[in-house]
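There are two complexes below, and they share subunit A, which is joined by subunit B in the first and by subunit C in the second.
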Partner chain A sequence: MSKRATGRLTALAATCIAVMSLPVAGSAQEPGLSDKTIKIGMFAPLSGPNMAYGFDVANAARMYYDKINKEGGINGRKIEVVLEDDRCNANDLVAAVKKLVEQDQVFLLNGGSCSAAVVAAKDYVVRSKIPLIMLNASGDGALYPPTDYIFGAFSISQYAVGGSIVDFAAKTFGAKKIAYINHDDAYGVWNLEGSKADAEAHKVDLQVESISPTITDVTAPFFKLRAANPDALAIVTYARPAALLIKKAYELGFTKPIILSVTGTANLSQLVENVGSKDALKNFYVQDVLADLPGGPKIKWVYDMYKEAYPDLAAKPDHPQAYMPYGIPPAMSIVNALKEAGPQPTREKVLEALKKQHFDTGVMAGPVVFGPQERAANKSTIFIKFDGTNQVLQPGVYTSRWQYKG
Partner chain B sequence: MDLQLALLFLQQGVASGLVVGSVYALLALAIVIIFKTSEVPNFAQGEMLMAAGYVALYLLVFRALPAWASISMTIVVAFAGAALFRRVVLTQVAHASGSPVNLVIATLGLSYVLKGLVRQTGFGDTPRSFPALVSTDSLMIGQASVTRLDLAILGTAIIVMAAFFWMFGYTKLGRAMRSVGMNPKAAQLVGVNLNRIHTIIWGLSGAISAIAALLISPKLLMTADMGSVVTLGFAAAIVGGFASLPGAVVGGFIIGIVEQLVGLFVSSRAITLAPFLAIMLVLILRPQGLFGGRVVIKKV
Partner chain C sequence: MRILGLLAAMAGLIVLPLISSGYVVYLANLLLTFTVLCLGMHIVIGEAGQFSLAQAAFYGIGIYTSGLANTAFGWPLPLSVLASGLVAALVGLCIGTLALRMRDIYLALATFAFGEAMQWVFLSWTPVTGGPNGLRIPPASLLGFEIVNDRQAYPVVLAITILMIWATVVIARSRLGRAFRAVRESEVAALAMGVSVQTTKLAAFALSAFFAGVAGAMFAIYSTYIHPDSLGFQTTILVLTMVVVGGLGSFSGAIGGAIVFGLISELLRQAPSYQEIIYGLILIVFMMFAPRGLFAFIGDNLKRFARA
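What follows is the complex of A and B.
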């Protein structure tokens, strides 16, 4: 090849490289973003047996976005929501996420009310490099080890559920020995790890029994815990085993304080029915993650907003659903991050803003706090004394000491 | 663990094990009578129990019928439902293919249908309590604590099993059932109506499941998945010998007691594992089960 031809080819290659490195028209605009709108992909259980976990949570987030839109939007852009039904099922959830990302081309994702299902989307979300801000799922499996793209536990993480319950028992009852019952699944392991951190800090002896979520007879684990003569009983299970344990404690004349984690309190009136007698709840405390009693003065504005946004739903006897207020903090988090990202937001800017967030929602017991290694928003809980009829808020906020150590 | 605590655990384990074991024994009995006469393991037995439990809950709580009416109607509905399934579905499946595998798959289908139906009603959306018809006040037997309800469960289960054994051993119908179990062709030759006997056996199996549901539901919380308790019935049947009625009963008590003792002396985590370890041990050491006959290899 002649020197001239080589020179021409070199020039051509250089031109090609230069052309390829030029910004393509429109590529600066991220997916889901226009001059007037920001498209957010939401997913929640809108049907099926697990609808109570997320239907009204999604409604709460949507009404908050509507409020922001009425106030002028974010840096001139209105929020546009595309909502999909995930049925709290891993397959449906991953399909919904893929549709929102690939077909609807949303800017970011806001969804997930059931931890096991939302964790299934982790790999796809990280691979797609799209921000996922969960709704009310704790989703610990997707939050630790931390990634750049997934933020959650706006209600609370499972580590913090366990830790804060020990914190409450130690501070309120001066408990030095706590009978602690959890599940023998991943949730139970996370709960227990958090509890151990707080037990160590308070020099509390934890007597642990781990049971299957499908256990049919709780006599053996309860007997073992009672034999340890504990100062309090902490039940960190789902609703069904929790009701069986409280019932058994009553049958066997256990009178020490019983503290039930938020994971077992989805429906308190059903709990009363399931334990068989209000007498079983004479010395009984339940954990909650809101800033106040449900409907209490501190969070009344959320319930008022719901009534205004969804008058037809609010008129129904089973609405708003118990977890409805949990939808506000993730929506606030997204709005704050978008504002922080400025008039030309990118996904990277939003992710950077999220990592630095520290603000009080006024809805949950503790503030939303993220950090370089922290992707779980809330670690604080309140406790309510419940006698089967009345709920009395106990003073103080109880926080888990557990930290992710890498 | 000191000796006093060990004795307390031992007494409690045996007492609680006998109570839950009596329900497992009933379930094992329901499984074995079907298997013994048709060689079909009924994988819908748990869901038959679950559906019967919800029928009773509906009648007793939502329709506020008296307990005696709710109980008898539940047992009748369970008998009729199971008999109808045998008569309409299984007979057709058997005629269509003649393969026992298809019969097993039909029972699996029934389990999904029943679960789906209960979920469809909305009653299965949340764990529900079944009202105890007997007081749950505690009593001490030695150092073991049991409730009056526990004693009622054990007593009722024993009465039902005794009545069943009497029927099987001393009535014309029972003898016909046994003959079908031993040699259906010979039974037919001497005038036993096979279809009628199979239908009655399925009906009885449904009725036993309904009684088990009425006994155990106040102790469990009811969900559409409560039929999974049948796994322990299968475990009891395997331990006792899948073709032995007394074996099913003894297997039920063994599984119940082993579960409790393992929970108390080993670990609560091992409770769900214990029945399967018992199955494996029995299958290794005595494959025909504790009360099963000698293993017979059929020549093809």
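What follows is the complex of A and C.
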């Protein structure tokens, strides 16, 4: 080959490379985005002992995405879901997230039903600059201090759990002194911090006893609180200590209102069994984060949609699982943000849209509210009077005043 | 043949980060960590015959020591890895001392109780471990270079694994390794041959804990967060399963078990509805048809095939 021919070929190759390197208008899309689809990476516990926390929650989010797809998608794009099992375990959750981001190349992440496990992915998500919209994990450890990339607490922030109980006790019973039992762990510290903000606003004296989540005898802490002569007893614990405390209150003749946090039970009939007598629940109220009683008229559409989407599952006992409706608000949040981001969405545009969100889901007690410093979607709850058999929804929605101050 | 296999494995491990996604490299890091954890259990159970069920506790001690060495003292990576191993070894020595008078199921129960107690400590010692909130581990740094992702961590994790494999081989071939096996087979016979049974048992506990501590430090290189939930009995059982499936008492079995069983566990995540059943079935099949472990099973069949 002559020198001239070689030169021409080199020039041609260089031109080809230069042309290939030029950005092509309209084709420079982010990972997980094509002209017809948006790929969303979901993860939840789909197996093992913690499956109840996330299996049907993920199903609820998927059925909402299916609904959006049937209605034509978002700006002409259909949602494509890649679902991974995180086993509610930190190592598995991080593996699932890395697979979704690096192998499946998803546009954004929608997952996390277990708070402790989802925090493990925080640094990786922030470093990868990929939006993570949690499922039903409160995940306060990943939400505060706020980052640009992680949004959650669609069920409720741990900070708001205690605060809204204080709000309810003060407004409903005029309580000026509340006996408050929480756990002596990080969650206990968080919900007490939220409660203090509401106690201060209502000028309520909080008498606090912090107990271990594995406590087996609650006599001493209960006696201490009863000695303070409170107007109401707030139990902000897990199921086992909660049942012990309600039982002890009944045995010792405590007749003031008892208010149990949403973390205290997932199954009211189980609570009755654990407490041992319906008489222990004569003046008993339980907190919930939904907009209505489970299966109530306001949220019936969610249960109907589930039956239609998963007829086989719906026919099984214990389905839908208690937390199923919690999957709808995060999916709504993502769909709204994608719509807001327009026909050429980028991760940055979606994140900006998320930070400004304020909308009512019709599923949860309060609206989804994010802000420049706010990453926890919900801080509102309802209360149900439960006598061991009947559930009566109490009027009003109770919202914690707690705000992140940095 | 063996050298060729080793060379192929080495070549595969070297090119892995060049041809794989970050997810695969993360898995490789995790499997290498579990390999070192399994080698530690191999020393105490497989070599010395001491039924210790506290591997997750020593692993946790290693993770927290490394995190603390990095956060509070800013120690260089090699020093924090060494410190993690030594602190775990020191605790292992104490447990070994307490466990000297026990054997078999009693030893297993005592070490299990220690593991449970340590998990409680990890959950409750909030100023050091972060308690139930977990602990954020800052990126490790080596020679002024900050390790912030799995690809950067991989060469360091691989180098430590190779070092620990080499150390296991050296120990197995040394006088101490022979003493381990003598104690495992018969304490009376070992004593008759002049082996100090107590010192040998203590050494097995300390070395096993040292390996687990180093594995913890390896985890802290590529992971940014640890929660006490990951340091419970389930982790010890997972490691024990890996060692038994690979072949109890077999050095290559401990390595193979960690890799094969780690991969099976990860692959089963893709079959969430059936994974517990499949997992159980695999274990039963292994115990029925390969009771001496995966590698002994493969070796026996290869020999039979060669003879035929």
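Couple of notes before you dig in:
Quick note on the criterion: the second predicted complex is superposed on the first by the 379 of 406 C-alpha atoms of A that agree within 3 Å, B and C clash if a C-alpha of one lies under 4 Å from a C-alpha of the other, contacts with A are read in each partner's own complex, and residues count from 1 in each chain.
As a working rule, contacts are C-beta pairs under 8 Å (C-beta built on N, C-alpha and C of every residue); 3 or more make two chains touch, one makes a residue touch a chain.
Nothing here was measured: the structure is a model prediction, and the numbers come from that model.
Considered on the superposed subunit A, subunit B and subunit C are sterically incompatible, since they clash. In the superposition on chain A, A:Val57 contacts neither subunit B nor subunit C. Of the two partner chains placed around the shared chain by superposition, neither subunit B nor subunit C is touched by A:Ile382. By the touch criterion stated above, A:Glu273 is placed in contact with subunit B alone, subunit C being left untouched. In the superposition on chain A, A:Asp123 contacts subunit C only, with no contact to subunit B. Touch criterion met: A:Ala239 reaches subunit B, while subunit C stays clear of it. Of the two partner chains placed by the overlay, only subunit C lies in contact with A:Ala90; subunit B stays clear of it.
Residue contacts after overlaying the shared chain place A:Ala331 against neither subunit B nor subunit C. Here subunit B runs into subunit C after the superposition, and of 24-32, 96-104, 132-140 or 240-248 the stretch doing so is 96-104.
Within the complex formed with subunit A, the subunit B residues making contact are 5, 8-9, 12-13, 16, 20, 119, 124-129, 132, 136, 138, 145, 147, 216, 219-221, 223, 225, 228-229, 232, 259-260, 262-264, 267-269, 271-272. Residue ranges on subunit A touching subunit B, taken from their complex, read 49, 52, 184, 209-212, 214-217, 219-221, 223-224, 227, 239-240, 243-244, 247, 251-253, 266-267, 270, 273-276. Looking at the complex, you find that subunit C touches subunit A at residues 21-24, 26-27, 30, 123, 126, 130-134, 136, 148-150, 223-227, 229-230, 266, 269-270, 272-273, 275-276. Chain contact summary for the complex, subunit A toward subunit C: residues 46-48, 84-85, 87, 89-92, 94-96, 98-99, 101-103, 116-117, 119-120, 122-124, 127, 141, 185-187.
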